[in-house]
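In what follows, structures are represented as structure tokens.
The two complexes that follow have subunit A in common; it is paired with subunit B in the first and with subunit C in the second.
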Partner chain A sequence: MIWELDLVILSLVVVAAVGAIAIKDLLGSAILFGAYSFMMCLLWAIMGAVDVAFTEASVGAGVSTVFFVAAVFRTTRRSKD
Partner chain B sequence: MSDFFSSVADYYNYLIYIVLMVIGLYAIIAKKNLVKKIVGMNIFQTAIILFYVSIGAKRGATIPIIEHGHGEAVHGAGSQAIKAAEYINPLPHVLMLTAIVVAVATLGVALALAIRVYNRYETLEEDEILAQLREK
Partner chain C sequence: MRTLGILVAALTCALLFYAMGDFPPWADPGSAAHTHVSPRYIEKTMEETSVPNAVTAVLADYRGFDTMFETTVIFAAGVVCFFILRLPKKEGPIFRRYRHTLTGMTIRVKCTRKIPPVLEEFEMIDNLWAPHDLIIKTSCRILVPFLQLFGLYVIAHGHHSPGGGFQGGVILGASMILLAISHDLRTALARMGEKVHALLCPIGVLIYAGTGALCLVLGRDFLDYGALAGILHVDPVTARSHGILIVEIGVGLAVMATMIWIYNNISSRGEYDEGL
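Presenting the complex of A and B:
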């Protein structure tokens, strides 16, 4: 485990999580959530959990983002908070 | 005091996991938009996964694939003992693999329910939905 890289990616993860729930645009929220999932995937790879990193990259960052974007396009982009 | 800081430096992964969990919980409770709540639920789940993977991590260990574990050397007389301290614990990884798949399944169901709610009430905001329910 490389702790410098670990700290940088951990702070990016927190920034992406706060951004995903603070932004008013739901499509932007979905994209930021994809960025958050991909940062998490890098984190697993650093911590040696390579199998979890694979699954997170394909399922977490891929399929989840597609689900969110599809749901936002079938409903509305606006959000009050 | 220096003990405190060194323990914080040793366990910063766990601190970030608590921060992420609180962010997710805040989004579930305080946000009024349904999609925001679902994003918060997913952040909460990933925080738990971060906790479990952090349990399995070790300093100075490598990924859990046995070196020279295949080929001729395995059956020979010189096959060496496996030292557990040299490998990261793979048990939490396997558990969390299942958790990621379950997270995507719950995400799909939650978004399908949100789309149904939007088709019926024409809004995703929780307070507007409750106001429409009270009118009836």
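Presenting the complex of A and C:
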């Protein structure tokens, strides 16, 4: 493990997580959630859990982002709160 | 209410950080997870199942129950999405828009609910229609077969490298979703209809549970693939390796069908008429 790389990815995870909750635009939220998943995938890969990283990349960053975007397109793009 | 929420979140965060102090350090060989079952899996997997990737062996063989019910959960997710979103077929005429591909003129036609056949000079367009980009369409169409081949490789090669039924199934499903996004939902549905993926989904779960039940019938424990040695004409160790492949195929089918099913229901608002 390289701690500089770790620190950058971990801080990006936190930023993406807080941003995904705080942002008003739901499409942006979905994409930030995809970025969060991708950073988590990198973290898993760094920790040596390659199978989990693969699942996170395909399910978390790939298909669930598509589901979120499809749901946003079919409902509304602005959140109420 | 908002401050209360932030307060609760901060409190939970502090509690989790406090509890983190009791965790063993990362990759500590003396921690509980690394002292009881892990060494046995790492040492015995190769001689007991002849699967080089210990993760796959643990997932599909030693902890086969977990994976079976994970597959069932995914199946349930697909079915729930279907029951919540799918609308019954409506009767009566509907207005559809057709675009003349040569001139770009759009006409509105009153027709039946049934999805009409593809015409040569006119293309049916949706309410959310945007002019199709030839580059996107063509590159996605070229990409889809390679994606599917890669998905099959991931399923079949899970024994030797990272991967397996879940990842491969998701990649296979994503290839059909890509087709639906880059063209339209009708193009994807013409290749894989609602009945097909609604049937493949339980078939995948059935393959998994059926393999387990077959082991039970042959006189061994549920999901003890060594029992399949007689049917497959191999020794019990290789039979466990093959049994893992069979259940991975089941998982892959169920996951692929569920992903497509959920996407189709979400993107068409459950009408299976107009996609994104």
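Going forward, the second predicted complex is superposed on the first by the 81 of 81 C-alpha atoms of A that agree within 3 Å, B and C clash if a C-alpha of one lies under 4 Å from a C-alpha of the other, contacts with A are read in each partner's own complex, and residues count from 1 in each chain.
Going forward, contacts are C-beta pairs under 8 Å (C-beta built on N, C-alpha and C of every residue); 3 or more make two chains touch, one makes a residue touch a chain.
Just so it is clear, the structure is predicted and the values come from calculations on it, not from any experiment.
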Message: For A:Phe33 in the superposed arrangement: first (subunit B), second (subunit C), both or neither?
response: first
Query: If you stack the two complexes on chain A, which partner ends up touching A:Phe73: first (subunit B), second (subunit C), both, or neither?
result: second
Task: Could you tell me if A:Val59 is touching subunit B, subunit C, both of them or neither one (first, second, both, neither)?
output: both
- request: Tell me which of subunit B and subunit C touches more residues of subunit A.
  value: B
Message: Once chain A of both complexes is superposed, is A:Trp44 in touch with subunit B (first), subunit C (second), both, or neither?
response: first
Message: Just to be sure I follow: which residues of subunit A are touched by subunit B in one complex and then by subunit C in the other one?
response: 1, 47, 50-51, 55, 59, 63, 67, 70-71, 74
Message: For a test of understanding, state which residues of subunit A touch subunit C in their complex under the given definition.
response: 1, 47, 50-51, 53-55, 58-59, 62-63, 66-67, 70-71, 73-74
Subunit A residues touching subunit B - in the complex, by the definition given at the top: 1, 6-7, 10, 13-14, 17-18, 20-21, 26, 29-30, 33, 36-37, 40, 43-44, 47-52, 55-56, 59-60, 63-64, 67-68, 70-72, 74-76, 79-81
Task: Under the touch definition given earlier, write down the residues of subunit B that touch subunit A in their complex.
output: 12-13, 16, 19-20, 23-24, 26-27, 31-33, 35-36, 39-40, 42-43, 46, 49-50, 53-54, 56-57, 59, 61-64, 88, 92-94, 96-97, 100-101, 103-104, 107-108, 111, 114-115, 118, 123-125
Query: How about subunit C: which of its residues touch subunit A in the complex?
result: 26, 53, 55-56, 59, 128, 154, 162-164, 166-167, 170-171, 173-174, 177, 181, 259, 262-263, 266-267, 269, 276
